[in-house]
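Next up, some structures in structure tokens.
Below, chain A partners chain B and then partners chain C, in two separate complexes.
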Partner chain A sequence: MEQPTALLELKDFKVHFHASHEKTTVVKGVNLKIQPGEILGLVGESGCGKSVMSQSLMRLLEYSADVSYEGNILFDGQDILRMNPQELRKVRGNEIAMIFQDPMVSLNPVFTIGNQIEEVLKEHTRLSKKERKSRVLELLGLMEISEPARVSKQYPHELSGGMQQRAMIAIALACEPKLLIADEPTTALDVTTQAQIMKLLQKLNLELGMAILFITHDLGLVYESCHRAEVMYLGQTVESAPGRDLFELPKHPYTKGLAASIPSLTGARKEKLPVIPGIVPSLKENLGGCAFAKRCPYATEKCFQQIPPVFSIGEGRAIKCHYDIDQGVSLL
Partner chain B sequence: MVKYIFKRLGSMVVILLIVSLFIFSIVYLIPGDAATAVLGMEASAEDIANFTARMGLDQPLWVQYGRWLGGILTGDFGDSIFMRRPVLEAIGEHLPPTVSLAIFAQLIALFLSLPAGIVAAYKKNTALDKGVLFFTLLGTVFPSFLLALFLMLFFSVQLMWFPVAGYSRLENGLWEHLRFLFLPALSLGIAQSALITRMTRASLLEVLHTSYIKTARAKGLREGKVVMKHALKNAGLPIITTIGQSFSVLITGAVVIESLFAIPGIGRLILNSISRRDLPIIQGIVLVVTVFYVVINIIIDLLYGAIDPRVRLDKE
Partner chain C sequence: MKNQNKSLIPIWIGSSILAILILFAAFGPMLSPFDPFEMNMAERFSPPGLANLMGTDEFGRDVFIRLAYGARNSLLIGFLVAFLSSLLGIVIGLYASYYKFLDHLLMRICDGLSAIPGILLAIALMAAMGPSVTNIVIALTVVSTPNIARIVRSGALVIKKQPYIEAVHTLGGSHSRIIWLNMSPAILPALLVQASFAFASAILSEASLSFLGAGISEPQPSWGSILQSSTHVIGRAWWLALFPGLLLVLSVLGLNLLGDGARDLMDVKLPTTKKGGR
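And now, the complex of A and B:
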């Protein structure tokens, strides 16, 4: 975390939605860094703001909703929030690319795969038509698609879910971006395809040195593929740790809860799978203390009254909690 | 594709046969018998007998139908009772003004509605959008004949830019032709544009919320391309359907507008024929109009396939 040259750095980043004179803050001051070539996992349950955050990194929300931002999104030292539309277009698809949850609805149904990949190249490069065509085939090959020429002439509905997601990744990688934002890229796919897509993403990360912001609700995927991970709860990051540690040695009570609620295939069969009690509070609720206090089994008086700061707890780890539960000590 | 077209043409034959039955029965559906209806109450018994024999009305129904259908298949729609000339000739003479007017009105409607609908959808909930919606509402509720009268008053009487009424054949020069047709086409076009604008806006709004539009933006495309390429093509099907419907309405003759501007089109012909009880003409027009309807629908279906690859026309 101490490295000075982060590829992407969020500084106290907030996203507000405005609807009928009411302001709802969905992302409540996130600080995080992604280093070049790193796979950073962003974990959280539905409604924690991880999708909103990932989409606002390229400012994709402002077309369909009335949003405003606070803080900074520094990409290569440049603040994305202060870019004009032209500068923003040069970053999108070129330096930062994005893939989404459901490839079926993320690919335009009325254009061929080849056309949709070529379009990015046409926008951001000066390649000739012939060079673009061969680059399309090369990209599809890189995605381990066996018949690139045939697939490039096909329409999205003619492909399987896994192939569609490969085509999406090909679009994203067309201009060799420095950062790929993958918003639950495997959630809509079956387990076997999911494994293949994850392998492919890891391979591309290694071979192209491209950083990946991997958004998921699946701690297992984080364990397998992420260098580092941030856990998000109610619009804030509550824990930050190396990918494996997060799963094996969760520190924050919320992460502990998440890890405990994963069913295990080996080991003794428990009577009942532990769950985190309660539901995610409404974003509109004004919480005086820790956002998780209401559902936290370890919560004390203090947790309801004071918002915990972020404590660094060594080995590149940090939590937003008053206590180190494992040691049974207050961090202050 | 070719197979599909043949299949559709085959079903068109069936539709036309069914419609022909209805058209044929018009003669028997009007109150009283056809001879009296045509010749009037004062006709002598002798006249009626003559007419009945001449028109073959004394034959069994199926013989009459067979004869009529056989005539149509050989291009003989019978003769107009009032004008004493072949029906097809009379219709052929009145068709060009209506077709010209329909095309002109449709072009005006598209010219007004597509940009308005696209802008309204893109600038949703702004003053611009609300303005467009207000005008479409006005266009829907404001009768086109009233609009035509206002246009006439302003452009023809006050400014004297266009002739008040009348028609100039295309053979006499395109410019004159269009000058005479402009005001009627504008009145019809404005009325038709209201619906197309609303459909374009609604259809585009739906598409603009989809994930693939987000993908298009994430690719770094400019907004013009996102909307005009990625969104519009997907929003195309409902828009084209509406355009087809609107064209069908226009081609079947704008009775009121044609009368108002004294355009010798199909609308006028059918109006006159009804008041003259000229049954063969009425039957002929209904049949021709049916053919237009079916053909327009086939064209729309073919366009569906051309726009959206998921619409497979050849498959069973």
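And now, the complex of A and C:
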């Protein structure tokens, strides 16, 4: 399953925000690999830096904030951080595409759906007008939209949320990108639509062989659809595991906490839903040791003093923790 | 639905007034047997009657035909100023909203221009350039562009942050594509509304300039200069003040009704409507 060359590789990737002469590091050294054709889930609670990271993969933050990057983003062997604007534009939309949380605001209200899909084709391909039109219909058909011709002439407000998200995905897939970044693509949709969109994404992943970076805070979705998942906490990845294992056999104390705090429909009803104690520390806080130590029920002296390295613990799994809690042993 | 019917009324009134003015400017001169420049000392200050619909002025010229020719100037200047300042305003506003560096540069220039009272700036520009219709258009465009640029900019700043603009970035759209194809359509309603106000205020400013002697100069007819000539004789020749004044009121009223109605109809949310006096 593992291929030697990753499609996307982050090496010690950091994102710093500069505001009023202060530097805040939001993404604190992430190492991550996405293989071609893989669905990688990126899980974490609000404010852990997952969205910032996903947006900085295409260097979108530069337009709205004062940011600087460190490390490497290797996409197909090329470093995105060292691309000039022209090279970057060729990658965006063509090789890497992105879909967003709220499809309603991600579509321009003044253009028809067909128009917006065509725009990408105009930018990246040399198709004639006629070819573009047929490609639009083909794409909408691929999105399992029943009347592509009618929908292509409609404006975003005439469509339901699910249809809007399909249109958004159609725009993203217009040039058959190698990687799709999906930033909480189903959060704004209701549960049944959510399931349809996830099915669609999985189908596209299989049929087109397109890798997906799936960002979410929903562990259930990761369990259902991701080949592999990374858990993010405070700008770092703390655990990496195959999607199902992460849910069934979490290793890192933080992931354990997350998994335990999901309400279950079966089994005995608990008095109180377990929660992870404490709050997420401020990004500005200088933590000497493990970022999670303050909230970790297993924390020892060592955790507060030493930043744990990433330990590989077999079966494609890795954690950033000093201990293997289940075995009760130190990993050193 | 009730709401929509309601907001159509000002548009109808406004556009009818404007249509009447345009007809007056286009065909008014044909209805009158007089020449706008022909003096007739025997007929000085004759009151409105069958021969001279709106009376005559101090040189015995027919006021009706002079007002009709003046309407041509007013409408032409108003339209050109609205058009040119919209064009400049949208370019300045969009680019200022998009590039931080340009924002500081362009908006400080606009601040500088709006710090000087509009009419004073126009008079100064007219004094420097000399009186002619072209120069009036240039001077008034300089005066009204900063306003429009500011409104376009504030609208564009909001649009720029919209996820659908960010989405174009992710699709590899160039900056000029984003600015002109994706951002500008959202600004157009606000721009059209503002342009109609610029039209009205340009008509008023032209009249003020001509009134003060810095605009269209005699013997060329202008509403402003006709009003000015009435100031000495207002007791004897009330028609010299009434008719150009009425035309000014009507044209500004018509355009503002049109702009207001359009704004309600298109539901344009401008920062000025929040603060606005109306």
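Please note the rule applied: the second predicted complex is superposed on the first by the 329 of 332 C-alpha atoms of A that agree within 3 Å, B and C clash if a C-alpha of one lies under 4 Å from a C-alpha of the other, contacts with A are read in each partner's own complex, and residues count from 1 in each chain.
Keep this in mind: a contact is a pair of C-beta atoms (placed from the backbone, for glycine too) under 8 Å apart; a residue touches a chain by one contact, two chains touch by 3 or more.
What you see is a predicted model; the values in this text were computed from it and never measured.
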Legend entry - Fit or clash - chain C, chain B, common chain A: clash
Inset, instruction - Go through the superposed model and pick first if A:157 touches only chain B, second if only chain C, both, or neither. - result: first
Inset, instruction - In the overlay, answer first, second, both or neither for which of chain B and chain C A:119 touches. - result: both
Inset, instruction - Could you tell me if A:218 is touching chain B, chain C, both of them or neither one (first, second, both, neither)? - result: neither
Inset, instruction - Pick one for A:245: touches chain B only (first), chain C only (second), both, or neither. - result: neither
Legend entry - Touched partner set for A:107, first chain B, second chain C, both or neither: both
Inset, instruction - Could you say whether A:76 touches chain B, chain C, both of them, or neither, answering first, second, both or neither? - result: neither
Inset, instruction - Starting from the residues of chain A touching chain B, keep only those that also touch chain C in the other complex, and list them. - result: 58, 60, 63-64, 89-94, 97-98, 100, 102, 105-111, 119-120, 123-124, 168, 171
Legend entry - Residue ranges of chain A touching chain B (in the complex, touch as defined): 55, 58, 60, 63-64, 85, 89-94, 97-98, 100, 102, 105-111, 119-120, 123-124, 155, 157, 168, 171
Inset, instruction - Name, in rising order, each residue of chain A that touches chain C in their complex. - result: 58, 60, 63-64, 88-94, 96-98, 100, 102, 105-111, 119-120, 123-124, 168, 171-172, 181
Legend entry - chain A-touching residues of chain C, taken from the complex the two chains share: 161-174, 177, 181-182, 185-186
Legend entry - Of all residues in chain B, those that touch chain A in their complex: 208-212, 214-223, 230, 233-234, 307-310
